[in-house]
Structures are given as C-alpha cells and as structure tokens.
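Below: a set of structures, written as structure tokens.
What follows is chain A paired twice: with chain B in the first complex and chain C in the second.
Right, the complex of A and B next:
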C-alpha cells in the first residue's frame, strides 16, 4: 500500500514537471497552449511547444534515466557511494572524442560554417558511437591507472577528477584551435545544455539505452548480489570477476549516450541513487525503477529552472545539476569522514 | 660524489641561477614574440631605451606587463601550493584542488557582476571568496592527517560548486559562453599594467609573509605535539601561513583566472631538483617560486608562438600539469591509498 502511494506520488511529480517544462520558457505560453498540443488543435504558439519544448523535455527524460542508471550501477558495483560517471572521466572522454570528430569533419569540409557545418558533415547517427568510444576509453584509462591490487574507489575518483580536467583542457584547446565561427556548436554542447535539441539528437541514442536496460534487467540477480561484499557475492554464485566489468561497461555506455545528447551533465548519477534510497526503495528492481523516475524528474526540473530564471538567458542544465549535486557530494564526504568509511 | 655536492652548496649555487636563467629566457622569448617582429636582443634593448617606435611601445606597454603577470602568477601559485602542502601535511595540496582558486573565482565574479568592476575591490572579494572556500573545504574534510586524499575530495566538491556558481553568474550577466570559457581556464591575454600593479602588492605581501614564517614552517611538518614542545602554537602559525597562501592564490586568480596544477606540481619538482637540500624550507620555497614563474612564463610564450595567442596559457598548463599529477599520484601511491 505504501509502495503504491509512493509510486503514485513519484509519477505525479514526473508528470507535473513535464507539464511545467512544456509550459514555461522564454516565449510566454499558457496552459491552454499546452492542452492544445495534446488535443491536436492549435497555432503558432503550440508549434513552439511541439517543435522546441517537447523534444527538450524528451531529451531531459532520456538523459536523466541514463545518468541515474549509470550512477546506480557504478555505486553498486564499486560499493562506493561517491561514484558518479562524470567523476570517472566518461563525459570528458566522450566530449573530447566528439570535438575531435567535429574538428575532422570541419577540416574536410571547410566551406560551411557554424551549426550547419558540424551537423551536416558529421551525421548525427555517428555522434553516440563516437561518444561511446571516447567515454569508454577514458573510463578504461582511469581504471588502468588506478589499479593496484584492486580498485580503491577513492583513488578512482582522484584520478578521474584530474583526468577530467586534463580532457577538458584538451577539448578547450580543440575548440579554440578550430576557427571561432565554427565553434558555436561545440561550445554549446560542452556546457551540458539542452538548448536546441530535437528528436534527431535523441533517437540515435535510444537503441543503446534500450539494449543496456535489457541487459541490466537480465543481470538483476547478479547486480543485487554485488551490493554485498565480493566474498558474499561469490558465495551466492556470482562470478564477480566476470560480472563487474560487464556491468561497468554498461554503466559507461549509459553515461556516454547521455553525454552524446547534451554534453556533460554533472552529478545526476551521484545524487539520484541516494535520493531513491532515501525515499525507501531497497530492492534492486525497485531501486532501478525509482532511479529512472527520479532521474528524469531531476533533469527536467534542472532544465526548466535553468531556462526560466532570467529568460531569454539560459543556464545550461549541466550547471544547474552541478549546483545541486556538489553540496550533496560534500555532505556524503562529510558523513563518510564521520563514519571513517570509504576505504 | 664529491665533497661540494655532499654539502650541497655547489649544487645550489649552480641550480638557482640555472632555474632563474631558464625562467628569464622564457620571459625574454615572450617579450620578443608578437605582432611586431622583434629579435630577442632588440626586445631587451627596447626595455632599456624607448625609441618611440611602435615595436618599442608594444614591448614596453603590452608585452612587458604580460610577462611580469605570467611570471608573478606562476611564482605566487607555486608558493601557495607549497604552503598548503606544508600546513596540511598533504603532498597533494594545491590551491585549485583544495577549492581556493574556485572560491576566489566566485568572489571575483560576484564582485564583477553585482558590485563593481574596479580591480582593487575585485581582489579583496577574491581573497574573501578564497578564504571562505578554504574554510568550507576544511570543514567538510575534517581531520585529514591520515587520509590526505579526503582533503582533495572535499576540495573538489567545493570547487565544482564554486565553478558552477561562477558560470551561472557570468551567464546571467550576459557574458557569452566563449568569454566564460576563456575566463574559467585562465590565461594572460590582454593583461596589462593595471592588472600587474594590482597584483604585485598582494603577491609581495604573501611572499614576504611566507618567507618570514619559513623557519617555523619546518616545524609544522612534524606533529603538533612536538611543535608545542618547542614552544610553538602550531595552530596559530598554520592559520597565518594559510592566510598567506590564500592571498597569493586569490591575487593570482584575480589577474589570470583559475590556472590549475601549478601549485601542486612545482613544489614536487623543486623537491626533485633540490634532492637532499629540500629540507631547507626557505630554499625550497624560493626554488618553488622560481620554477613556478618559469613554467608559466614558458607556457605563455609557447601558446603565443604555437597558437598565435588564441589559446589561453591555462590550457597548456592544465594539460601538462594534469599529466604530471597523474604520473606522480601513481608514485605517491602510499599517500593516494
């Protein structure tokens, strides 16, 4: 009964945040325009909602789901409450790969400028793949560098933070190195913004997510066993050495797909699993589902807040989530200090 | 090997001029490159005598302050990092990683967007922001003696927050994302005499304080009890040295933006260079400052030569410094447990 009420409230919040995200923006609209979107009648204003806000909301949902799942898997497999895809260099690696690819595309087609050049010569279907490649390489590099008789997650994070800032600097060098008129897209994308995303950005990333989700549900028993320590997991018949790398790759893929849509959106993967544990979902399946709903809600709210604070100016959703996430990160460290855990 | 290097004075008497010469060469290279072609010798002769030509103007009024800023910021950040490493007894100490530069950036941004663009007020806000961030980091990290890495984690949390807040402020004040990126990565494009004249008094005060307390700093490396047995109030001196390091870092941020990793890398580099002499605190601080200044001066010269000044120097420094950090963090394995 309690579970039902909780689910009802969660879904209600999600729907509400979707509606708010459709309703508010730099162009004034009212609830009737949103309603006309669903009833199929309506004019120019409804077109704005359909063409600009609807894809944006959809993108926010996809990103929220991907990032929070990625964070949940990282935290479970590494048994570390501080794990987050952005801290492991996934976003940095993916950004660098995509910016290099854009640079190559622009170099070979120097005639066009700005948004058009990058999107017409670097087909959007390729971007998730490229991001995936970059994200996985960066994650692999970090794991390689911090391996010494097992992973200490705290060392992983240190390496990840440093590598992320190096990658960010490399990306900056690429962006500035390309001529200035053509860096518009790269800069926009690097800020972790949902500005001007349409369905052509979202759809290429969907199959990857669906495949990952299927795999996660197939590996549900193993995943829930991994919450315990490695010995216990082994004793209930999970081959930790086999399962953990597979799950980590899936997590990195989720994060990279999210990055391929919006650029780096920080800390969603860190905070959402904690929120969903706080509101009382302990079973793995329950946790995954709650995570998806909470993650989507969080990113939608972040995006809506970012673009309604001072329209027409826009704060990228990545910055809003960092503002929310950093204090949570600090709190987790503080609590961890007290308990003296996180070895 | 021989007796001279056993005592170490021979080594030092070669080392310090050598480092200074490398730094000076980088600065001179920086003076000589730019839109007006000038040879190294010409550039230096323009410094001594202004012949009224355009080239002389660009050397004296445009390039010289930039070079001084670069060298000064490098030296200040290196000193700041060295102080942090000593007072927290933490080999991973760095003004960027402990959140100080992030906080200073936030302070400067608050001042720029909400109060005034007057540089002298800006620097005060920068120092206030840096202090607040340092305090927050300490509060979050708690006692880090046994786990130095926790200081860095807490610093990361603080600095991520400060950087996001800075970005928000700058976007809301209608700066373009490109400006934001340029500012957040740090560099010396268009830095002139006003910036330098703002920077040097604070940096000088910070440097003098850190040199003045350096006899005491060498006791702070040991635990507080043995410091107390020698009649020292360790806590008080730690606060004083901490203040000096925040002032140094904040002044640098106000001039050049948050430049990463110099404060971490150069103290270790100077330990390597000094070998057994690194236990001499004053010497270590001076060599760190010289190395820091030299590295930043060279970076600025290189980005101007290779990218014609379109890339801020901070990019090169972050890439090189970060890679060095990754290599060293591996070697500081027992620390980065």
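Right, the complex of A and C next:
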C-alpha cells in the first residue's frame, strides 16, 4: 500500500516536472501552447516547444536515467557510497577529447572567432561521438591500469581518482591554451549543458541504454548479492571476480552515453542512489526503478531551473545539479546520521 | 566429501598453510582449533574455495573445487564467514532470500517456501519482516545460519560462529548447528576458539599449529594437557565428563612462551 502511494507520488512528480519543463523557458509560452502540442493544433509558439523544449526534456530524462543507474551500479559493485561514475575517467576522458577536437577545429580555421569558430568547424553532431570515444577510452585505461591478477575495487577507485585529476589538469591546460575568445563553447560543454540538443543526439544513445537496462535486470540477483561482503557473495554462488567487471563496464557505458549527450553533468550519479535509498525500498529492483524516476526528475528540474532563472541567459544543467546536489547531499547525510545509517 | 591434497597457501614471502592433506566427511561435525594466526581460518576458506592456493588442490566429490563454477560449489557448500555484512535496510526475509542465488535461473523468482522453511528451522520465522539491523547479535547469527540453510547445502562451513556472542547464545548457536546436523544431515566444518566447545560438539577435532595439522581425531583421543600446551601455550587440567567422550579443560595458568 505504502509502496503504491510512493510510486504514485514519484510518477506524479516526474510528469509534473516534464510539463513544467515544456511550459517554461526563455521564450514566453503558456499552458495552452503546451496543450496544443498534444492536441496537434498549434502555431509558431507550439513549434518552439516541439522543436526545442521537447527534445531537451527527452534528453534530460535519458541523461537522468543513465547517470543515476550508472551511479547505483558503481556504488553497489565498488561497495563505496561515494563512487560517482563521472569521477572514473568518463567525464575527464570525454572532456579532454572534446576540448582537443575544438582546439584542432580552431587551429585549422583561425579566421573566425568565438563560438562561431568552434561550432561552424566542429559540428555539434560530432561532439557526442567524440565524447563517447574519449569517455570510454579513459574508462578502459583505468580498468587496464587497475587490473592485476583480477579485479579490485580499491585499486579501481584509486586509479580512477588519479586519472581523473590528470585529465582534469589537461582539460584546464587546453582551455587556457585556446585563445580566450574561443573558450565559450568549451566551457559551456564542460559545465554539462542541454543547450540546442535535439533528437539526433538522443536517439543514437537509446539502443545502448535499452540493451544495458535489459542486462542490468538480468543481473539483478547478482547485483543484489554483491551488496553482501565479498566472501558471503561468493559463498552464495556469485562469481564476484567475473560479475563485477561486467557490471562496471555496463555502468561506464551508461555514464559515457549520458556525458556524450550533455557533457559532464555532475552529482546526479552520486546523489540519486542515496535519495532512492532514503525514499524507496531497499530491494534491488525497487532501488533501480526509483533511481530511474528520481534521476530523470532531478535532471529535468535542473535544466528547467537553469533556463528560467535568468532569461535569456542559461545556466547549464550541470551547474544547477551541482548547486542543488551539494546541499541536498549534505541534508541527506544529516538525515542519515539521525537515522544512524551513516554513523 | 571435501578433500585437501597437498594444500599450500601463502604469499611470496610468507607461508600460511604448508602441505596439508585432509579428508572431511559430510557425515561429521568436524572442528578446527588452534591459536590466533595458526592458519585455521585460512584452511576453512581454502576448503571452501574462497582463498587462492599456492599449491595442491581441493576436491569436492572428486572434482577440483577451484575449477567449478561458484554456483555449483554454492549448491553443495554454504559458508558462514566470521563477520558477514548485510546490505543496508533489508528485512530478515529479504536477506535470507539471497541464499537461493545458486538455485535460481534467469528471471526465476525466489521460492518463499524455501526461505520460510529455513527461518522456521532456526526459529526466526516470526522475525521475517523485521529489519535485520534491529536484531540482537544472537538473532542475527541465526539469520545468517538461515541464509546458509536456504542454500540447501550438503555441508556447512563456519568460521567462529560463536565469536561476539555471550555464553548462552554461544550454546544456542552450537545446539542449533547440532540439530541441523542431526535432523537434516548437513555436514559441519567449523573453526571454534573454545577447545571445550570443540570437545563437547565435535565428532572430530583437527588441531592446527603453524600451518600444519598437529593432531586429528575424536575429542576423547586427542584432547590432552600436552596438546593444549603445544597449541596455546596454556597449562590446563583435563577433566573427564560422565560419558568419557568429552574431555574438559580447566585452565591453571599461562605458560611463558
């Protein structure tokens, strides 16, 4: 009964945030225009909603689902509540690849300036692919560096943190190296933005996600048993040494696809699993479903807030989720302390 | 039947177990005793396939255990480690369900009867829907035993199942294990700290010292003051119980070792 009420509220919140994200933006629209989107009658204003806001909302859902699932898997498999998929090379690798590509585009086309240079010679359509490549290469490198006669969570975490900081430094060096008038697009991308995303960015990421989701549900019993200590997990029959890397690769692909669409959107992968644990049941299946809904809602709200607080300026969704995420996370820890589960 | 053949365990510079060969029958309650750091826990883990080997093999029903898939091992051997960790927030029932991992196929739901039967046997069925974390140490230990039971194993390997428990609960757990052995025919191999518990409950005691088996046999055959001195460096008088089967050690003092 309680479970049903909780689900009803979660879905209601998700639908509500979708509608709000269609309704509000830098161009003034009202609920009638949103309604016309569904009824099929509509003019120029409804076209704005259909062409610009609908794909953004869809992108926000996909990113929210992917990042939060990825975070849940990382935290479960690595048995570390601080594990955030974007910390393990995915963000750093994607960022570096994109910034390098921008640098190359600018070098070969020195006459143009600013946003125009980068965007006219490095088409936005290429960025997701470049980001995906960079993110997955960095993750692969971390796996390779931490693999020594098998898999170890602590080695992986340490290597991930080390490589992430190296990549971060390289990205900063590259950004500073691009002449200052040309860093706009790089910075916008690095902050994690949904600016000008359309369905052509989202659709390529969907088959991955569907396959990954199927695998995660197939491996639910394994994922659940991995929450036991490693010795007990193995003695109930889980091949921890084999299952863990497989799950981590799936999670890394989720994170890399999300980052490829929007850039490194921070904090979602870290905090959503914690929010889900606090509001959801502790059964693995419920946790995964709650994660997906909460993750989508959070990113949609973050994006909507980002583009409505200071119109026509846009605050990238990655900055909003980090700004919202940090206090929410602190609050969660506080609640957790009172409940004694983080003692 | 579980068998170790010329088993050596250790790291490059340190040997933990040296050339151990031993046969563990499924019909017995076998107990490993020894001082801290003697290698008894390592031997238990190695026999369960949960510790890498340096040399030798473990055979489970004639097959090399380290080559078998974990799922198959888990359907025959359940292990209760010294300080198992439960996932956050689960109820007793939800935790015990994890014992069915090895029996389940893709998309197959857990079997509630199996879980409840395991909880019934350990007397924990009324606690099924309580949060595991809210239970006392003794109750939690019963839940872990239920989880092992839900695995439907032929053998149960336990690493110091009575540590962290008070005297009453220690006896509770040992009586429960004895009943499990008698009524369900599950073979037991456990590490026990207390040689008197070993003497009282074991069919067979294996005394481990410095990575080798020092003595092996029924309690009445091997528990002597000489053995206790060699194992623990403690001076004891050995008393006999009325049946003569379970010698009892009363400490006199600690030797300088």
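Quick note on the criterion: the second predicted complex is superposed on the first by the 243 of 343 C-alpha atoms of A that agree within 3 Å, B and C clash if a C-alpha of one lies under 4 Å from a C-alpha of the other, contacts with A are read in each partner's own complex, and residues count from 1 in each chain.
As a convention for this text, a contact is a pair of C-beta atoms (placed from the backbone, for glycine too) under 8 Å apart; a residue touches a chain by one contact, two chains touch by 3 or more.
The model shown is predicted, which means the values in this text are computed figures rather than measured ones.
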Partner chain in contact with A:234 - chain B first, chain C second, else both or neither: second
Touched partner set for A:107, first chain B, second chain C, both or neither: neither
First (chain B), second (chain C), both or neither touched by A:282: second
Touching partner for A:169 - first (chain B), second (chain C), both, neither: first
Which partner, chain B or chain C, touches more chain A residues: B
Chain B versus chain C as contact partner of A:200, first or second or both or neither: neither
Contacts of A:32 with chain B and chain C, given as first, second, both or neither: neither
Partner chain in contact with A:145 - chain B first, chain C second, else both or neither: first
Touching partner for A:327 - first (chain B), second (chain C), both, neither: first
Shared chain A contacts, counted only where both chain B and chain C touch the same residue: none
List of chain A residues in touch with chain C within their complex: 218, 221-222, 224-225, 227-229, 231-232, 234-239, 277, 281-283, 341
Chain C to chain A touching residues, read off their complex: 45, 48, 50, 69-71, 73-75, 77-79, 81, 83-90, 94, 98-99, 101-102, 104, 106-107, 147, 151
Contacting residues of chain B [partner chain A, same complex]: 92, 136, 139-143, 149-150, 152-154, 156-158, 160-161, 163-165, 167-168, 171-172, 174, 177-178, 181, 185, 260-261, 307, 310-312, 314-316, 318-319, 322-323, 325-326, 329-330, 333, 336-337
Touch list for chain A against partner chain B, complex: 82, 145, 148, 152, 154-155, 157-159, 161-163, 165-166, 168-170, 172-173, 175-177, 180, 183, 187-188, 190-191, 266-267, 309-310, 313-316, 319-320, 322-323, 325-327, 329-330, 333-334, 337-338
